[in-house]
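Going by the order they are written in, the chains are A, B, C and D; count residues from 1 in each one.
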Amino acid sequence: MQLRLLYFAWVREALGRGEEVRDFPSGVTTIADVLSALSQYDERYAGAFAAPERLRFALDQVYAGPETPIRDGGELGIFPPVTGG
Amino acid sequence: MQLRLLYFAWVREALGRGEEVRDFPSGVTTIADVLSALSQYDERYAGAFAAPERLRFALDQVYAGPETPIRDGGELGIFPPVTGG
Amino acid sequence: MADRVIETRVQTAPFDAGAECAALVRDGIVGAVVSFTGHVRGSAGDVLELQHYPGMTEGQIAAIADEAARRWDLTGGLVIHRHGPLPVGAPIVLVAVASRHRGDAFRAAEFLIDWLKVKAPFWKKEGDRWVEAQAADDAAAAGWQ
Amino acid sequence: MADRVIETRVQTAPFDAGAECAALVRDGIVGAVVSFTGHVRGSAGDVLELQHYPGMTEGQIAAIADEAARRWDLTGGLVIHRHGPLPVGAPIVLVAVASRHRGDAFRAAEFLIDWLKVKAPFWKKEGDRWVEAQAADDAAAAGWQ
């Protein structure tokens, strides 16, 4: 299961990157699973994702809750609540 | 009792004038009295003022109902409902 | 009128809505500018004639502007109402309001045009026909009481 | 986007709000143009940095614009949202809506900015601090459901 991951605002700064492509094992099926998997890889992910209620998600550029199933080749955006306008 | 009278829109056109100064006898004390007095002077006034519910009034540039008392030297505007904006 | 929150002008000349709105933004305190422009509708070649009551017009518009400044938290504003002959498409009226937060500017702008419609002594003539007042305008203004 | 009632743009460049609004008035059918501009607040010298999610931004703004065009009787409109570094006072966003009758333009303009605030993926950074989202914005958007 491969995902293109995009990070914005303080999430991007905390992770030190704006974008990456990663493969996940077959047990990773939802956005919440992705956060857990990433948090196990690296302390910076663990720190940035420690309070998931402060995060919002978009799957293929559409807002999605943490229990939304991911798809192979999909694009997952992870970011704080938006503050435009 | 002297009044400066100002007419606008179709009232002005019906009367053939935009402004005049007129003296009224002492029995003329309200805007409604002014309309009656003018209507007796001249057919054009009688025609223009025949349906007073189609008219609006301003005494000294403030909106006023037909029963509002007039004052000597005052300014009375007579016009249809406004349509600006 | 320099000490009014909302400036008012009655004129025959056109106005530059963009420049007027930009002039309301200063000091880093203005977060929102809402503007309304009303335009002459009709067919190509039509001309609208706008008559007004000099003196009373200025007084009524200033009173409405002051009422808006009392009701909402505004940093500035401007009302321009034109009179005279105006071709189809021409701007008739500009209402522009600046505020810290957008809700105040939206409320004040709509209040101003709703009240101008029923209080400012202007009369529109389309060709040789004087435009009739609309009950919808009275209803809109009454909603702010 | 040429066949959309409300055009949308995401750009770093400034915009000319007056010219954009004037361009919405055509054919003698437009009676009202309502515009909203949002500006950078702060102290002289402050700079706001606006980051966005390219692709998703355009999609979200277009969806909001189409929803406004479905809900109200509009003759045209335009949404411009800027990104990148912006000084205090600079315009961030333009919402401009044209309609036959002013109520539609007022409703649609406020709907557009209320929804852009909570749906368009932009993030503001003031100095070295990321701006926190405001509950008032969620409440304003929820009012249109």
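One rule holds in what follows: a contact is a pair of C-beta atoms (placed from the backbone, for glycine too) under 8 Å apart; a residue touches a chain by one contact, two chains touch by 3 or more.
This is a predicted model, so every value here is computed, not measured.
*Asks:* So, comparing C-alpha centroids, which chain is the farthest one from subunit A?
*Replies:* B
*Asks:* Need the CA-centroid distance for the pair subunit A / subunit B, whole Å please.
*Replies:* A distance of 74 Å separates the two centres.
*Asks:* How big is the gap, in whole Å, between where the Cα atoms of subunit C centre and where those of subunit D centre?
*Replies:* 22
*Asks:* Quick one: report the Å distance separating subunit A from subunit D, using the average Cα coordinate of each chain.
*Replies:* 27
*Asks:* Multi-chain contacts only, two chains or more: what residues does subunit C have there?
*Replies:* Answer for subunit C, listing residues that touch two or more other chains: 38, 113.
*Asks:* Residues of subunit B that contact two or more other chains, please.
*Replies:* none
*Asks:* Of all possible chain pairs, which ones touch?
*Replies:* A-D, B-C, C-D
*Asks:* Where on subunit D does subunit A make contact in their complex?
*Replies:* 38, 50-53, 55-56, 59-60, 81, 92-93, 113, 116-125, 130-134, 137
*Asks:* Enumerate the contact residues on subunit C facing subunit D in the complex.
*Replies:* 16-19, 21-22, 25-26, 28-44, 46, 88-89, 91, 100, 102-103, 105-106, 109-110, 113, 140
*Asks:* For the complex, give me every residue of subunit A touching subunit D.
*Replies:* Subunit A reaches subunit D through residues 6, 8-10, 12, 58, 61, 63, 77, 79-85.
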